Amino acid sequence: MSVQEREATVASAVSADRKRRRPVTGSLLVGGLIVAAVIGMALLSFVWTPHDPTLVDPSVRLQEPSSDYWFGTDKFGRDVFSQILVGSRTTLFVGFVAVGVAALIGVPLGIVAGMAPRWCGELLMRGNDLLLAFPALLLAIMFAAVYGAGTLVAMVAIGIASIPHFARLIRGGTLQIMRTEYVIAARAAGRGPFAIAVRHVLPNVSGLVIVQASVGFAIAVLAEAALSFLGFGTPPPTPSWGRMLQESQELLSIAPRLAVFPGVAIAVAVLGFNLLGDGLRDRFDPKLEDRR
Amino acid sequence: MAEQPTGAPPAPEPGTGPTEAISVHDVTRVYQRPRTSLRSASPPVHALRGVSFAIPQGQRFGIVGESGCGKSTLLRILAGLDRPTSGSVAIDGRDLTGLPERRLTFVRERLQLVFQDPMSSLDPRMRVGDIVAEPLVAQGHGNRRERVAELLEAVGLRADAADRYPHQFSGGQRQRISIARALAPRPKIIVADEPVSALDVSVRAQVLNLIADLVDELSLTLVFVSHDLSVVRHVCDRVAVMHAGQIVETGSTEQVYEDPRHSYTRRLIAAVPTLGRALSGVSAADLNREQRP
Amino acid sequence: MIVRLVQRIAILLASLAVSSVLVFAFMAVLPGDPARVALGTSASDSAVAQLRQEFGLDRPLVAQYLSWVRGLVTFAPGNSYISHAPIGPQLADRLQVTLWLVGTGMVIACLLALPLGTLMAVRHRKPSGLVLSALSQVGVAIPAFLAGILLITVFAVGLGWLPANGWTPPDQDPVLFLKQLVMPALSLGIVQAAVVTRYVRSAVLDVLREDYLRTARAKGLRPTRALLRHGLRNAAVPVVTVLALQLATLLVGSVVIERVFVIPGLGSLLLDSVANRDLIVVQDVVMIIAMAVLLVNFLVDMVYLLIDPRLRGGGS
Amino acid sequence: MTPAPGTAPAAATQDDVLAVRNLDVTVGGRTLVEDVGFTIRAGERVGLIGESGSGKSLTALSVMGLLPEGLRASGSVRLAGVDHDLVGADEARMSRVRGKEIAMVFQEPMTALNPTMRVGRQIAEVLLIHRTRPDRASARAAAVELLAQVGLPDPGAAAQAYPHQFSGGQRQRVVLAIALANDPALLVCDEPTTALDVTVQARVLDLIVRGVQDRRSAMLFITHDLAVVATACERVMVMYGGRLVESGPVREVFTRPRHRYTQGLIGASDLTVVDDRGRLATIRGSVPPAGRFPAGCVFRNRCDHATEVCATRPEWIPTGPDSGYACFHPVPGSAAPGATTPTNQEAGRG
């Protein structure tokens, strides 16, 4: 199966005509709520946290959840709930930057690859496939090996590794749009390639971009958690759910809750973005309804 | 045809002189297919094998042929969207073969296209007003709002349609919008690619009448492409029959339908079921009898 | 058919070459000198020069690249900057461990995903379909290492049925080997199963909408038989595509799992060599993972030829 | 033909192959097909014409029990030789009927065949499912014979080939071979030649008509092309807005239409008749989306003769054993069709 066929199966069919708006589906509602909650948590953390998440106080080490410390404290005596709150900031920040990098480079690349002559599009996609051989985590580890761990390293690595997903999906959509009669009409009217890309291609792939962005966000959250878990993500003392999980590992027998709280936070955030992705996909393109 | 509009086609506009609207000379188009066998490259596809014809100003010229006969390739070449492998094409006497896109503005101003599929010929994300105005934007014309309103009325739609989106219109109405867009830059030539094939029977007649009215009022040259012989017969003065990349026969509609010379044309016309022939006893077997090569 | 094969082999070789250059260049552009980085800032210049000479770091970059590639191709990569011991055998052992882990994980993922995904598609309007769909959505959201930690908390710490971590080669103690393999493979496998299930579901749904399925029903086949006889083979193509992509993610996911379960696989080797700056090992491990992913993509293309006659060339 | 809506249906005569009574198809609150009733006699070729949203395809799919998900059929569909009603029958029963008593040919040949299975096997399968051939070998041989019958060159090699190695016309013949394999009592064709070129259409139409005649099968032929129906069928039923508006012998309906919609449809589809300015006859307005037709007579928003009474549902007025119409202001039967809109008078030439 040549790359085209593979793209056709992976890339969505961009429906040329949007019937009336599709109803708000369950996944859009639930996904939207969760994402809103995570964003809410992040914003709240700027203004208020029950305790200073980085304040080490050995006297209150490993306290069980109480009215004072809602989620209890960790082995350094830091309040777990506050860490979770501030940790959401890191997660969202990594997600936005990673998806931003991937979209800003991947979308134009996909559109150019879709509009360029066939051989050039092929070549670009060949290179794109190559990048798929270096998943986000691997890239991040290589970056960390060279530049040392850090949130920035994690974000850039995840972003670069997500470019091929955007580029491939958008190229599939662009190829389909370029075949439509309204693009041929625009060319016959004298519109240049740039005008066609901005006026016709971009608006019609925007549905794809948003869907891939929300799913990309979920991937970024997972990748950041893994990186922090391995010690390559956000360095201490900035709270990060991944690192909380790593620190909780040796205390599993005494305080499993130290693993449960950040773990649930990660899972819920990822679930939220995936559901949002599904919901947006239903809304934008019914044919995508059951994709993935 | 029951009633052939008598008299020659309307005299060409003063000043444009006798040159034909479109003249095509020995155009060929060959596509290379990707290799499937190691030893030899796969045989190239000859979409057009030396096509020549000329269309005077104001004539309604039909191109008829089955799928794969090369009529869409020819259409793209006429509109300057594709380059012939050899041969030349001239619009109003000016040759456009081999010119880069930036020197094709004279084609964009004179020739516009109307398409087949109402669903895919209008951008679903653009308002109708912007769709119709796009050629004006592309060619830098001013006062677009009034012009769009004028065009929408000319095709039988209300001016307020400009603020709505394509999915709010029926198939027939969308074809009208497509026609309004084609007329925006005041072209002299309209090339229609199967403009009514996707429409319901009762709506098709309305759109055909609209095209006929506009061609008369604006004394346009019309190139009408279709696989449906009876539609082409109704619309066009002259018709060219295409088969396997070549024009096998050209002539006035009357002559080609009444006494076709080329064997392929005869087979094509014999295969077309019509209400009249069916009621006078022509059966499926009769239609098929002519087909044995 | 053969043309396709030749084309695909050429693409594979080209991709391998390009990725090797990428990896090498990535490491070479490193600020600072690998030898000094390996020996630490306190090392004397002569010691650093001596190390550079020993590892041929003083030679021009192209020469270094060529000898590195020759090492990889002949399965005799050079020595580690830190331990000076040959890397080859170490890589071989570690690779075997990772293959066991990823292999079992993939098997678990397929055994769960193929039936479940098909079931979800067939019943996608009924409540059971929706429940499965929600479950798989949750499955996708759980990172593998979280699954690992939860398994340890329940089965190792809680019930004590399985060892919390460690690894024993199968030939030494097969029972212990299996006991230690269960949880890591499960944590990798379950998460992948959730992802693959969603792809299987959408591939089967696409097939259910195809006209030839309706033709099969019009012939007198009941829905399930029509799907089995006509649908599944056509759904295989997109599913195989996804399995290849997921294998790559699984390969990298195992890096984290090896850390959670303290398994001496390629992943932990990579992490350790990053920690102690043994860059030549990092370079080799990353290259091996990339080679594995590219090889899998190549194999997937070959599988397409078996499944889909349209790709075998010939015919109209 | 028994009167459909309202009046008590007479007992189906013994040589009726198909009897449809009060057939409705609904999705959500919307009705797409309403109270359709007709019968087809053994060996009779009946056309069903209508434009988009008329419900003609849904009627055919209801008879086959293959309605898309979410659509519900009600009413009664009886097939000769089958002891249960086809509407609402469970899959076990329907799968014994489909491909054996009743078979179907679809519109789009390019996607109707399984792209990864050899053509011979796809034909042999329908024989093995219903055990009309004892074993695989005889089923394969029968498949090659069927390929020859539908005029495919070198049927032996064709049986071994895959669908992508055939043209659209050839694939449609394979679908026809599958449908006719078990000599069905009723063949349902849903726009079988719409996607084909006119020369290929002539061959496939001929094959379909000869195929049903040789087997004395009845045929329900759905299309929007009046000329194709007039060529292939003996009787025609006209549907608009989910309702049966007129039916009768082809010559009768196409020369002396009674329902105003049929009259308008004939006028609009005949391109040889023009007014003095050379313009065609049209039906004003456009076809409303499926399920959104006006109450009462579904055509009244586009009919020049509509009056208040048309807001109530017109009764079915039988005009013969197999014909009738449902219109309050029909085209006068005896007199020549109304002069207002030109209708197809003389037999067209060409």
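All chains are identified by letter, namely A, B, C and D, in their written order; residue positions are counted from 1 within each chain.
In this section, contacts are C-beta pairs under 8 Å (C-beta built on N, C-alpha and C of every residue); 3 or more make two chains touch, one makes a residue touch a chain.
Chain by chain, the UniProt names read as follows: B, D = ABC transporter ATP-binding protein; C = ABC transporter permease.
All values derive from a computational prediction rather than experimental measurement.
**Student:** So which chains count as neighbours of both chain A and chain D?
**Tutor:** Common neighbours, chain A/chain D: B, C.
**Student:** Average the C-alpha coordinates of each chain, average all protein C-alpha coordinates together, and give the chain whose average is closest to the overall one.
**Tutor:** A
**Student:** Whole-Å distance, chain B centre to chain D centre, using C-alpha means?
**Tutor:** 32
**Student:** Taking the mean of the C-alpha atoms as each chain's centre, how many Å separate chain A from chain C (ABC transporter permease)?
**Tutor:** Using C-alpha averages as centres, the distance is 21 Å.
**Student:** Roughly how many whole angstrom separate the Cα centroids of chain B and chain C (ABC transporter permease)?
**Tutor:** About 54 Å separates the centre of chain B from that of chain C (ABC transporter permease).
**Student:** By residue number and range, which residues of chain A touch two or more other chains?
**Tutor:** none
**Student:** On chain C (ABC transporter permease), where are the residues touching two or more other chains?
**Tutor:** In chain C (ABC transporter permease), 308 touch at least two other chains.
**Student:** Which residues, counting only chain A, touch chain B once they are in their complex?
**Tutor:** Against chain B, the touching part of chain A is residues 16-20, 180-182, 184-192, 195, 199-200, 203-204.
**Student:** Mind listing the chain B positions that touch chain A in their complex?
**Tutor:** Of all residues in chain B, those touching chain A are 79-81, 101, 104-105, 108, 111-113, 115-117, 119-126, 131, 134-135, 138-139, 165-167, 178, 181-182, 184-185.
**Student:** Could you list, by residue number, the parts of chain A that touch chain C (ABC transporter permease) in their complex?
**Tutor:** 1-2, 5-6, 9-10, 27, 126, 129-130, 132-138, 141-142, 144-146, 218, 222, 225-226, 229-230, 232, 245, 248-249, 252-253, 256, 259, 263, 266-268, 270-271, 274-275, 278, 290-292
**Student:** Under the touch definition given earlier, write down the residues of chain D that touch chain C (ABC transporter permease) in their complex.
**Tutor:** Touch list, chain D to chain C (ABC transporter permease): 64, 66, 69, 91-92, 95-100, 103-104, 106, 108, 111-117, 125-126, 129-130, 161-162, 164-167, 175, 178-179.
**Student:** Which residues of chain C (ABC transporter permease) touch chain D in the complex?
**Tutor:** Residues in contact with chain D: 125, 210-212, 214-223, 229-230, 233-234, 307-310, 315-316.
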